[in-house]
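Heads up, the next two complexes both have chain A, just with different partners, chain B and then chain C.
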Partner chain A sequence: MATVKLGFIVKSLPYKTEASRLALTHAIASQTVEIYLEDGDMVEPVVAFIGDGVLNCLKNQKAMNMYGVTSLEQHLKNSLLLDMRVLICKEDMEKLGLSEDALIMDAEDIGGETKANIAPFSEIMKEMDSTNHLLFF
Partner chain B sequence: MGKLTIGVFSSLVGSLSLDFAVKLADAAIKKGHKVDMWVSGNATMLSKKGQRAFKDYSALEKKLHEMFASGSFQATACEACAEARGFHKEDTMEGWKRHSMDWYLASTFSADRVLHIGGD
Partner chain C sequence: MRLGVIVSDFRNMDETLSRLKADKLGVIFVSNGVYHTATKEGGKKSPLLEKSPNMYVLTEDLQSRGFSEVQIDSRVKPVTYSDLVDVIFNDYDKTIWI
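The block that comes next holds the complex of A and B.
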């Protein structure tokens, strides 16, 4: 029995490319990875938004109206619904003038109990140090 | 010998990141390592059969066939990413598998090293 921890580090802008979407869909895929692993083995994802990537966490995204695709807001809420650890870089929020009120911090409207964490970059670095592998998107 | 998992998200021809990934995988295989390659997003184009080699564009199909023949290389394309781009199972190059994204995560589980090469 073992757990491999993967760090999904999202630094790309939302919608400009599909990078941040792929980060979240790959992280969410950890929910079905067991079909390929031995009993008891698992992959634990942690998602951290840094740099311009914090803009993926903005509330009230209108991707379905504008692009006809599911929003990153919905993917982020699904991640929280699955109790994924989500970190949002505090310094980068401040740099972009974003307050906590502007960001998706929970998925209560779809029954989620886990909240996103606004964390200083030093804490995100510690989290990155604790992972087995880092995947930058 | 070790196992290297390479995830690539860059497009074929439009970026040379895929060429780098394939050459790195080939070098690792030749040193006796096993390599898993995952292609997602625009990189799924690498799995499409019938790529024509021109002098002005990079061509990787022949190299991939050699790598598959080594027995130390497996490659999988994100099925949803490929379908969204109109690449169907019948369009897939021999040797490639198509799975959902959990295949990549499972491959990282047993990898000694993971190299994740982002998209465009």
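The block that comes next holds the complex of A and C.
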């Protein structure tokens, strides 16, 4: 039995490029690979938002209303609904003047129980160190 | 020359914009450029907001990213796509995208 831990680190801003969207969709999709693994083997994705990437986590994104595309807010909530570990860099939040109230911290409105974590960069570094594979977006 | 400048990025815009001179300079924030109008990095507003008295932000891009019009700097005028067409064709001779 083994667990392969994947770290998806998001530093890109949303919408202008697909980078941050791909990070979340790949993180969600990574769990489906378990059907190809031996019994008991698992994949554990972790998503961390750093730098300008923390702006992906803002609430009230109206991308669907404006452009008919799924919002990063919805992808992030789907990640939490699947009990994915989500970290948001505390220092970068503070640097950009963002409060916890402004960010998507849970997916309670769609039945999720897992919450996002605001973490110092040192903790995110430890998380990166503990992963088997690291992917930057 | 009346020059409209479309800004679509959050980083590395200042140098180019600072070098542009025009009788009337307009700055139009779209896409990821909208972050200049609604965030304060290190408690400070974006230096791009000092570049011109004529500034606009595209509301569709602002709202897509989770901001509302009440959060933008008071010097910036929110405009919709159709407003923006009028601004570009009526108020400026040339438009560039940086």
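Everything that follows uses one rule, which is that the second predicted complex is superposed on the first by the 137 of 137 C-alpha atoms of A that agree within 3 Å, B and C clash if a C-alpha of one lies under 4 Å from a C-alpha of the other, contacts with A are read in each partner's own complex, and residues count from 1 in each chain.
Operating definition for what follows: contacts are C-beta pairs under 8 Å (C-beta built on N, C-alpha and C of every residue); 3 or more make two chains touch, one makes a residue touch a chain.
Predicted model only: the values in this text are computed from it and were never measured.
Record, for the superposition on chain A, whether partners chain B and chain C clash or fit.
Here the two partners, once superposed via chain A, fit next to each other without clashing.
Which angle, to the nearest 10 degrees, do you get at the Cα centre of chain A between the Cα centres of chain B and chain C?
90
Going by the contact rule set out at the top, does A:M125 touch chain B (first), chain C (second), both, or neither?
A:M125 sits against neither chain B nor chain C.
Touch test for A:H133: chain B only (first), chain C only (second), both, or neither?
first
Tell me which partner A:T25 touches in the superposition: chain B (first), chain C (second), both or neither.
First partner only, chain B.
Scan A:V4 for contacts with chain B and chain C and give back first, second, both or neither.
first
Where does A:L13 make contact in the superposed view: on chain B (first), on chain C (second), on both, or on neither?
second
Working from the superposed arrangement, determine the closest approach of chain B to chain C, counting only CA atoms, in whole Å.
The answer for the closest chain B-chain C C-alpha pair is 14 Å.
Under the stated contact criterion, what part of chain B meets chain A in this complex?
Residues 7, 9, 40-41, 100-106, 108-109, 111, 114, 116, 118-120 of chain B touch chain A in their complex.
Within their complex, state which residues of chain A touch chain C.
Within the complex, chain A touches chain C at residues 13-16, 52, 55, 58-63, 65-67, 71, 73, 95-98, 102.
Considering only the defined contacts, which chain C positions touch chain A in the complex?
Within the complex, chain C contacts chain A at residues 8-11, 31-32, 35, 39-43, 60-61, 63-68.
Considering only the defined contacts, which chain A positions touch chain B in the complex?
Touching chain B: residues 2, 4, 6, 12, 17-19, 22, 25-26, 29-33, 35-37, 41, 43, 45, 132-137 of chain A.
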